[in-house]
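A, B, C and D label the chains in the order they appear, each numbered from 1.
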Amino acid sequence: MLPWVYEFQWNAFHITFLLIFFTVAVVVATTVVRAIVRSNRRLAREGHARVSWHSAFEELPASTRVCRHQMSGEVRQRTCVNEFACADCPEHQRYLASGQSPSSSRPLSFTPAVTVSGIQLPTDRYYDRGHTWARIEPDGTFSVGVDELGRRLLGPVESVELPPIGTKVATHAPAIRITTKHGLAMLRSPIDGEVTYACAEGDRWKMKVKMDPQSSVAHLLRGPEIGPWLTRELERLQMTLSDQKVGFSLADGGVPVESMPDAAPKKDWEAVWGEMFLEA
Amino acid sequence: MPLTRRDILRFAGAATAGIVFSPLPWKMLDDVAIWTQTGPWIPKVPRGPISHVPSICSVCPAGCPVTARCVAGVPSSLRAASGSGQPLCPIGLTGHHLAYHPLRVAGPCLVEHRGEKVLTTSLSLDEALRRLPSVDGDRSVMIVDQRPGRAISDRYRAFVRQHPGSFYAVPDDDASMRTVGYDLERAHTILAVSTPLLDGWTTPARTARLIERRSKNDGLRILAADAARSRTATLADRWMPIRPGSEAALLVALLHLAHAHRQPDMTPSMRAIIERTTPERVAAAIGVTPVQLRHVYEKLTERGPSLVVVGGDGSNSVDAETDRLAFQLNRALGAASNGAIRQRPAIPVSEGLRERDLAVATPLSSVPDASVALVIIDGDEGTCHLSWESIVRTLHPGASIVVSLSPVLTALASHADLIIPSPAPFESFGEATGDGTDIACRYGVSRPLHPRRPGSVDPELVLGHLSGQVIEHEAALRDKVAGIWASRRGQIRTPDGSTTNLTSVEGAGSLWTALSEGAVWTLEGAPASASVRALESDASATDRLAARLSELAAGGATSTIAVVPTTWAPVTSCSRLSPLMTKLYQESGLRPTSEVAAVAPATAHACGVEDGAVAELRAGEQSSKVKVRVSDSLAPGMVQLSAGPDPVGFRSPEPPAVANALPRGRAAELRKS
Amino acid sequence: MDSQWIPRGLQRTSFPRFLAWILPWAGLLAWGLFGAALCLIEGLNQTNMDNRFAFGLWIYLDLTIIAFGAGAFFTGFLLYLLRREALRPVINSAVVLGLICYSGAIIVLMVDVGQPLRAWFTFWHPNTHSMLTEVTFCLTCYLTVLLIEYVPVLLKNRQFRRIPKMLVFEFELHKLMPILAGVGAFLSFFHQGSLGGLYGVMQGRPFAFREAIGIWPTTFFLFILSAMAAGPSFLIVTTRLVESLTKKRLVDDRALRTLGRISGFMLAGYLALKAIDTLVWINATSPGAGFPAYEYYERASFGTWILFLEIGVFGVLPALLLLSRHTREHRGWLLTAAGLVLSGIALNRFVLTIQTLALPTLTFDPFLSYVPSWQEVATFTAVVAYGVLLYSLSYRYLPLFPQERELAQS
Amino acid sequence: MPARYGMVIDLDRCTGCGNCTVACAVENNIPPGPPGVTDRTGITWMRVYEADNGEGFPETQSAFVPVMCMQCEEHTPCVSVCPQNAVEVDPETGIVGQIPERCLGCRYCMAACPYHARYFNWWDPKWPEGMEKTLNPDVSPRMRGVAEKCNFCHGRLHTAREKAAAAGNAAIDPADYVPACVESCPTQAIVFGDLNDPASEVAKLSRDERAFRFLSRLGTEPKVSYLSSRAWVRSLADRVLARDQKEEARG
């Protein structure tokens, strides 16, 4: 196999054969090494959360990855391929430029809160697809919270663990750990930034984040988009729940109860939360 | 720069990685293969100076000249002595393995049968000898000598002569048929009747000469009359399939055609039998047509000298009557007068003994029933075709004991009460007394080549214990050689092929030296024109023959199948073989084991057995499990069995297979088991 | 109990039930390992192979499962290099099946050779003229590739994903998959062919020997094509099998139909070439070597029916079924056709291994039969059990079918 | 010129005695078969087959055919298939040699050999206790799990070379190099020698009109020829010939 090994033959056949073999071995080894190097580099650069979202996004079913512009009816069918990073999505820019897109509406709209199936979402804030929201405060920071559907999904909270003040949170990355008697849920941070205030006492909590200057809220849903999105989310919830083979259905258009886990305690709620809160 | 522990570790790591790119680890890995090849579980070859020792093969009486290639004095192979022109047989080629036979008996021991198993309990030589009853007027001894003509044979005979009522017994065919030899080299037409003529019946050298002559087209014609297509039948020029057990009828019919009944010295009853046995009357019983019989006779008379050979190897020797008929037919064909059959001379007796002081050999079958208290079986390793029944019937019902001198626990030894093992071949001086079909008698001595295994006892010592006169084994042989020298007859043939008349050998000492260096003494016999006492038919034999012929004619078309034992002749003259013989018996299809029964497709169909199936073969009281082999080359209605000892029986001391006990032509049943 | 390990959103049976499914297979595995250990410790005398049947059950089944495992390379090739996105739903399953088939084959080979510890000599002193050298090199390399391809699937497990390094590595490796798919396809083309060449080059066995095109006998190319026909069909059959066992839909019909069409297309091409090859062999190659071809089929157990069965019932019929849109879109027919394809390929491998060795070459040598010993059967059972176990574990703990969640919801 | 050792075996002389098989086993340290051994699992570098003319009783005729490695000259099937160069043709002698230390026991060579002349060590080599003292010191015993075959008694060639070297000769004396089977054959049915030497008996006999080779149409150019004056024996060479012979016999 190597020129110094007895039986090495200096003929074209032998050498071609071994060359091919060594090439294959080198290509395979290089590929693996490259993957290792690149993953280390990426981990250093972007952190675990980002990559985790990269990989999680790929696994989201197409129904979850629906483009906000489809939800608002601007386009008939479009699935997001940009990991919900609307800020650098050319399509999104195009729609924004048209001026007609609901995405361009300001968050602090004077329209009343959107209500779908008894779930009421105020329109004075931006919504993350993982059912957290961000609302700009007078001091320029954003307060972060969980929306009404999220609240009902969680039911009574036992404890909340917020990132300590000063830590960086990232969009799509789990930031808030919520423990209930049905398990543990991870809530995503809607924006990139630094935690400036965090206070959790029992089941009550409050958190403020100072957004990174280079970051934006472009990816968050707002105003007229909230209604169609919530409708879809309820459908998604229904499918998730029906998938779980339990007698709990929204099919009749009924109102989701105050605390869904208490209504169906036998369910795998962690899985439901993971699905609905887009846990990576 | 200070050297940290981390630096050292990194250096070690890098060095390890670097070694991988050097030839060193790979070369070592490569060598692993060689190490595994020489692991402790792989036998090591011997090392030492190599020498070539001339000797003779003493495994069977034929005594072919050999050269032993020895490593550090231990033979690693036996080859035919170059220049002797006498090749070896497979058994001779592996004769040096016999000292390491797995069934070797380590020392004197008692034998006990427990169910199927044979158990041995060792005991000291003194204890063993003490168990031998003293031989006196009341208690007689029978010494069964399966290799007569040796130095110890003379001592046995002298001992028996001094103890009236005792017997010096030899196998029947040694007593009768083997008193004549056949000059196959001179014959032009040979009819082999149920004889493995080309399959070890004589020495390999003589078989080779027949094949050589035939391939040179010198007119030699070999006819085979055999129930099965034996190997001889395969190689013969013409094969006549006969019904099993019809050999005597065939010979009588040929005697009829030879007009032998007109011979003046024939008994009237014999003459009557021959006269009425026309080919037409017996052809059907023989399984041929009268035309075929006449044709065979024509071939026999067309180009002489002609010879008819029958049986010859122990287990297949048809019977004494048939041997006598063959002798008479040969005589009628002129073989006696033209020297094609000769009366073989006896080997001179040992110095210090006189022929008239020695007992005459008794055929084993002539020893009366229940007449002896002590049986000593010698030469058991030499031949094995004696059945245990033929010995046990002679035992006195009271306290009787059978002692075997066999070095291995096979054949008769496994039935004996006590074994006092003699040395294996090439462990002490061995003797060869000549092939029983040869026209010459011969005597050769093989030198010890192996270190002698402790526990083996020379037969001289056992006899010495009985007679009170102990003689050394080598001294006994030297006496024998001196006796031969004193006869001043015959010649010696050295391993390189040169011959010298005994008269020009200076003394018994030089003869001993020559013999122990591989030379062989031979003495050719005279034409057997005169009557040979052992082969003349007496009245009772004639009656038996008449009865057999009528029985055969009556049972012309029996529905049962008939057993045809066939054998590879050397095997019957050797009760145990080298373990390497698995090459011929199990590892190739060359020699069937005694468990294989060949039948024609039609017979297999009729018996409801298939090729490869295990079936039960039953003949009278005997029954055994056999593996069926369907063969196109066999006549329907026959089952061909391999006779002799179980050639692979080196693994267990079980007695030989059923085929040995079944007479030729015995009716049998084959059933699916 | 193990819910933390099960991919989120996928419905899996309870752990005790899973255990009840696993245990019998684990038992078979243990029994098989015992048989294999006997072969390794006592030697190959434990098998019923002999000097004439130097190859037996193991080689036959190795050849078969490697052909079946071709789905991995071929699907990867179509998906990553030819961008047939319709095949994405089956790629993970294909990789796992490929890994099982190849690793199983190599495990059996290690028991099959007389001196497994010297297996690396092939790398050390390679005889590049030997098809087996090519097979050894390619199989080893390709098994490495398959293991690397399996890593991303494995790292998709919920618990592994919590470990940042694993998650990122999986992500990066997955992006490089087209390179590995390319290398895998290259290697597979060669070793699938070399396995065919293994018999085709045997000058001394006119039943198997074929004329060479370039440096390869025609069986080289026939094996590649037939493996490419078998691989997709094996995916169809296994997917349907898993679906029926789990009573779930895992892959949409479109992916399976695409596989069916590809399989049918490959099979048709294979059959056309095989027909030409067979005619040339019967009329020229075999008689030229001193063997009238019809004599091969004179044995009762190996009559010409085998040839007709292989080409007709197991060849032309499934090819027609798969190429016709009508039957392809019928689930039952698709499955039947895929099953027939696999039977045909298995029969082809049987003919080339067992029949080749059963037929004597010397005129005076008999026709021989061979029945594997229990140790041989057990060793192979161990590999099947190992495959079932690995697949079951992969199915339970890894997201093998990306469409599963969606199909469950629809 | 390098030698091309070959053999000619006269089938009209072979009596099937088995001397060659046994002498070969003694010479080459081939162990006795273990209890379960059969003709399909045993090791007989030199094996004697019984061939017949295919007729039923009593027209059957048979011949004994010793078969060993034919030392194929072209495409040598076992050499080209061995994955790790454990089989080699010695260019000096034309003898196909097996290197057991390098064999991994894949048995591909055995499947490839048209003469079934290769054997596998299915068992550990075992001799009865003490019998290893009788082994030939010139040949290493092989271990379990490797293939082996006839090599025209390589040990003897080695000894002959050593002898020639000691005497200062470049070439060996043909009389010093005779394989065990040739030496032991009682009817001298086997002739061995250098086929490249036109004066040698083996070269002359191989051109004899009675000479034929088995399966010569495979194109492997075996260096072992056979002799027979019987047409049906010669027709055993391959199946097309055998068929023609049968048809001819039927008229």
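We take it that a contact is a pair of C-beta atoms (placed from the backbone, for glycine too) under 8 Å apart; a residue touches a chain by one contact, two chains touch by 3 or more.
None of the values given here were measured: they were computed from a predicted structure.
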*Relative to subunit B, which chain has the most distant C-alpha mean position?*
A
*More C-beta contacts across A-B or across B-D?*
B-D
*Using mean CA coordinates as chain centres, what's the subunit A-subunit B distance in Å?*
96
*Starting from the mean Cα coordinates of subunit B and subunit D, work out the distance between those two points in Å.*
30
*At what distance in angstrom does the C-alpha mean of subunit C lie from that of subunit B?*
59
*Could you please state the distance in Å, as a whole number, between where the Cα atoms of subunit C are centred and where those of subunit D are centred?*
39
_Quick check on subunit C: which residues sit in contact with 2+ other chains?_
115, 118, 121, 124-126, 129, 133
*In subunit B, what residues contact two or more other chains?*
26, 30, 33, 36
*Would you mind listing the residues of subunit A that make contact with two or more other chains?*
5-7
*Chains grouped in pairs wherever the two touch, ordered by label*: A-B, A-C, B-C, B-D, C-D
*Which of the residues in subunit C end up touching subunit D in this complex?*
43-45, 49-55, 112-116, 118-119, 121-122, 124-127, 129-133, 136, 198, 201-206, 287-292, 295, 356-357, 361-365, 368
*So in the complex, which bits of subunit B are touching subunit C?*
26, 29-30, 32-33, 36
*Can you list the residues on subunit B that touch subunit D in the complex?*
33-34, 36-39, 41-48, 50, 71, 74-77, 79-80, 87-90, 93-94, 96-97, 99-102, 198-200, 204-205, 207-208, 211-212, 215, 229, 231, 234-235, 239, 241, 578-584, 586-591, 600-601, 632-636, 651
*asked:* For a test of understanding, state which residues of subunit C touch subunit B in their complex under the given definition.
replied: 115, 117-118, 120-121, 124
*Sort out for me which residues of subunit C touch subunit A in the complex.*
3, 8-9, 11, 123-126, 128-129, 133-134, 137, 141, 144-145, 148, 156, 161, 164-165, 167-176, 179-180, 183, 186-187, 399, 402, 405-406, 408-409
